[in-house]
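Note that the chains take the letters A, B, C and D in the order they are written out, and that residue 1 is the start of every chain.
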Amino acid sequence: MKQVIWELKEHRQIAKNTYLMRLSGDTSSLVNPGQFVEVSLPGFYLRRPFSVCDYDEFGATLIYKVLGQGTKAMTRYEKGMKLDVLCGLGNGFDLSKSGQKPLLVGGGAGVPPLYRLCKELTNMGRQATVVLGFNTKEEVFFEQEFLALGAEVIVCTMDGSKGVKGLVTDACAFENHSYFYACGPLPMLKALCSLAKIPGEVSLEERMGCGFGACMGCAVMTKTGPQRVCKEGPVFHKEALVW
Amino acid sequence: MVNTQVSLCGIRLKNPVMAASGTFGFGQEFARLYDINCLGSFSFKGTTLHKRDGNPTPRIAETPCGMLNAVGLQNPGVEKVIEEELPGIAKIFNAPVMANVSGFSVSDYVWVCELLDQCEQVGWLEVNVSCPNVHGGGMSFGTQASSAAEVTREVKKVCKKPVIIKLSPNVTDIVEIAKACEGAGADGLSLINTLLGMRLNLKTRKPLLPFVTGGLSGPAVFPVALRMVYQVYKAVKIPVIGMGGVSSAEDVIEMMLAGATAVQVGSANLVNPYACRDIVKDLPRAMAEYNITSLEQIIGGAH
Amino acid sequence: MVNTQVSLCGIRLKNPVMAASGTFGFGQEFARLYDINCLGSFSFKGTTLHKRDGNPTPRIAETPCGMLNAVGLQNPGVEKVIEEELPGIAKIFNAPVMANVSGFSVSDYVWVCELLDQCEQVGWLEVNVSCPNVHGGGMSFGTQASSAAEVTREVKKVCKKPVIIKLSPNVTDIVEIAKACEGAGADGLSLINTLLGMRLNLKTRKPLLPFVTGGLSGPAVFPVALRMVYQVYKAVKIPVIGMGGVSSAEDVIEMMLAGATAVQVGSANLVNPYACRDIVKDLPRAMAEYNITSLEQIIGGAH
Amino acid sequence: MKQVIWELKEHRQIAKNTYLMRLSGDTSSLVNPGQFVEVSLPGFYLRRPFSVCDYDEFGATLIYKVLGQGTKAMTRYEKGMKLDVLCGLGNGFDLSKSGQKPLLVGGGAGVPPLYRLCKELTNMGRQATVVLGFNTKEEVFFEQEFLALGAEVIVCTMDGSKGVKGLVTDACAFENHSYFYACGPLPMLKALCSLAKIPGEVSLEERMGCGFGACMGCAVMTKTGPQRVCKEGPVFHKEALVW
């Protein structure tokens, strides 16, 4: 973990209520896809956690969905703004377990960290299948970006306005894959874990006090006792969790 | 040269800045970020007799200039703390630490304090009779003078080290409770613990925290904390440790003028992991700005 | 169309938003800025039997997300209020107003309430047993169930109009006091008054307010206020008026879900003179966002 | 009174710890010299009161001294920033009483409102004498500006590093004037009022809650009872005050 100042270089809406921020600055504390950052928002007491969607040595990309007051305020941030960020938080995904044909499942605001994951897996020569779930066509984002990485992409929408109609679970052919990675709303993750016969890991969300392990605000129950989403997580093995 | 040293119950601190319990874990996360030996001391996570898994999540909610927590005293239990955490602390911090203790009965407090009192690294016992986040927990002890005094008296019987009672601000008359603890033998008082607060989730229309209420901390509570430190300082002879929203060197000075011998920094650590270090670094500048050469000399200066 | 109407002790309000006592004067300053008839009502400046010049200045201090005041109930006295201010209010506001009353003895309260009860424009009496800014004043009545109940009982004897008791948050158990007031005949409860706080002036090293302590208000106290409204709503059958840090339409909804029948806006008026109007204007949008068609239906919805 | 949004057009240091802000926007609610505004500072709960130093139909000038956290934050405000301002507060000075040779006395941060006052008096053909008091040479500002208005200017410094050494009272030749206007620290105003045999008026400072008469936070005792500095003041006749 490292406290860094990032400058907002690009900020645009990419789907309904969904924005992309490209930020420049020190990313040296990022080591795994699936790690996250805690962004300090002027006028708000607690920092906001966001997964790193992608990064290089010069900066990182975040994608956020407008959910409450903080993310609403973020939409007004302008190019050139400096953001105080705790970077390199959490464990991230375990690339070593992927097998040859990993399945990546993302729902809504859970899609961003899968992009970096997919990129690294593809670079390792894996053939990733990406299932992206949204409520409706207007919310879909990053389909093209995943395709550009060379992944097979299946889009699902709840209302059927695009791609497969229904839940991501309806579109997951677990039997064709050896391992899965998932990030999204809790009900989606629970459903996936109970349906999937294959091993896999999921990235959890929890309201956080600190984001770096100090406050015990974000504990989730695991087979070995409570663990911190921000420190031992956000990625947990399917088998470790006690829902 | 300015002098930042203070003496707390006979133990010399290089400066009055301590990290507050529950916001600094057992120091490990912070020691990875900076050398925590720059601190006067720190109070480790509230420790109970048995291990506790804490409350269901969400445990945290945001408020204007502050936060609510309902962690519920998640901790590995006193034995693990002694076996695993204290040796860990020994590697990163070489001054006495403050052992924060919670309980659900007088005998709980006595057991845990007795065990921790024997640990070399422990400088003080900070007995939390004011945790609002456990049902039937410490809070009930801290809201009545008689029960706060009882815990104090019993714990004092088994401890050689200074016993500091951590008081609840959720009371009509904190002075009465402070005096009762002093009368029962307390060597010092810590105040304040969190104010009882609440938030709702407008989408679900239910309490945001499944525990319903949570403890309010952060800058929002600073004026309440300062008032209580001022009132209690005036009424007792034992040292007072001030806390509640402290986030800057100026806040430390304000707390000390109100009567604090040492000052704890809590929530600020969570939003700025370097908060304690930054405050310590900034103290000489702030002291110079307000013509202070020795911090010890300003304790209670506002009276 | 959304329905913002609520009924408070039998009086219909076009919406639950009222300006809080002490932050809206007698309405004149605001009426010059906007038509205050958009409000549900307002509670006028705390009125005492005799005229009061208030405390020495400074009476105001800033705090994180809030402020302290030690105005000390400056007001022209009940007779002048009736002779001069009420006719003034008649020109700018055509619904019933809330008469906020303070006193230093039970008979003070009774006298003032009896006089104001007879004024046509007065819809409710809001009896402030919780002002922290006068020595030997209302605060002492509001921190004990027995004295709060006594004031209630005596005032009720002389009033035909609904009597609302305004409670202090500076207590261990607000529910106990709320129930005592209900038992003594209160028609409603207002909460919260200000939290007792303090700031120092680092340059002089003395309390910033010559009165030493002041009442903390503003967004900082919202979570404490919400918690108390929630607890009291659960314990009593009479309506609760919620206040403390309310600054937005969302805050109004949160207070109502916690149990408030009406919601007062205080400090927000001082930093944004249009606060009440803005909140009223914004209510339909916020209601739509959270699928609320009638505000009256969400009262206590979080329980 | 009017709530307006002003844009920061120019911002520079003009003396030790002293800054000038030129702001553009609606000034229609200003009617008298000596009126003030309440500026909302991002991150601070209460607004900050500042006297209007000068204005025209397009904007206004404020001069502030760094005193605490808020004014310290203000020094970092950049051109283009939008400020939420309550404009046109308080009564202001009474021009009609000036006589032919008014005396204007300002101390430190009390100097700004005298500039507009002096301008209006000069435009009315009055011959103003301006006595400006500061601690030291480095703090002196606006001497030239007052001279440019055609006023006689006497600068005093406590340490004698510039002009007359000592208090402004040492430099006031009351006998040559029929009326005085003063603004500055309370001890200075008190001393002036007790020394001056001529009539005059003083502008007071008080910590404010609202700035427009709603909270009774700023009351000062007068012969006719407590009056609000923000509403009946900030300018009070010497005779009205009960110190």
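Please note the rule applied: a contact is a pair of C-beta atoms (placed from the backbone, for glycine too) under 8 Å apart; a residue touches a chain by one contact, two chains touch by 3 or more.
What you see is a predicted model; the values in this text were computed from it and never measured.
Chemist: Averaged over CA atoms, how far is the centre of chain C from the centre of chain D? Could you give it in whole Å?
Modeler: Centre-to-centre distance between chain C and chain D: 36 Å.
Chemist: Once you find the CA centre of chain B and the CA centre of chain D, what distance in Å lies between them?
Modeler: The mean C-alpha positions of chain B and chain D differ by 46 Å.
Chemist: Chain A to chain D: how many Å between their CA centres?
Modeler: Chain A and chain D have C-alpha centres separated by 56 Å.
Chemist: For chain B, jot down the residues that touch at least 2 other chains.
Modeler: 61, 63-66, 218-219
Chemist: How would one label the connectivity among the chains shown: line, ring, star, complete, or other?
Modeler: Ring.
Chemist: What are all the touching pairs of chains?
Modeler: Contact pairs between chains: A-B, A-D, B-C, C-D.
Chemist: Applying the document's contact rule, which stretches of chain B touch chain A when the two form their complex?
Modeler: Listed in rising order, the residues of chain B that touch chain A are 22-25, 28-30, 32-33, 45, 53-54, 57-67, 69, 71, 74, 218-219, 267, 269-274.
Chemist: Contact residues on chain C for chain B in the complex?
Modeler: Checking each residue of chain C against chain B gives 61, 63-66, 68, 143-144, 170-173, 195-200, 202-203, 205-207, 212-214, 216, 218-224, 226-227, 230, 245, 250, 253-254, 257-258, 290, 298, 301-302.
Chemist: Would you tell me which residues of chain A are touching chain D in their complex?
Modeler: It comes out as residues 42-43.
Chemist: Per the contact definition, I'd like the list of chain A residues that touch chain B in the complex.
Modeler: On the chain A side, the touching residues are 1, 3, 40, 44-47, 86, 206-210, 212-221, 225-226, 231.
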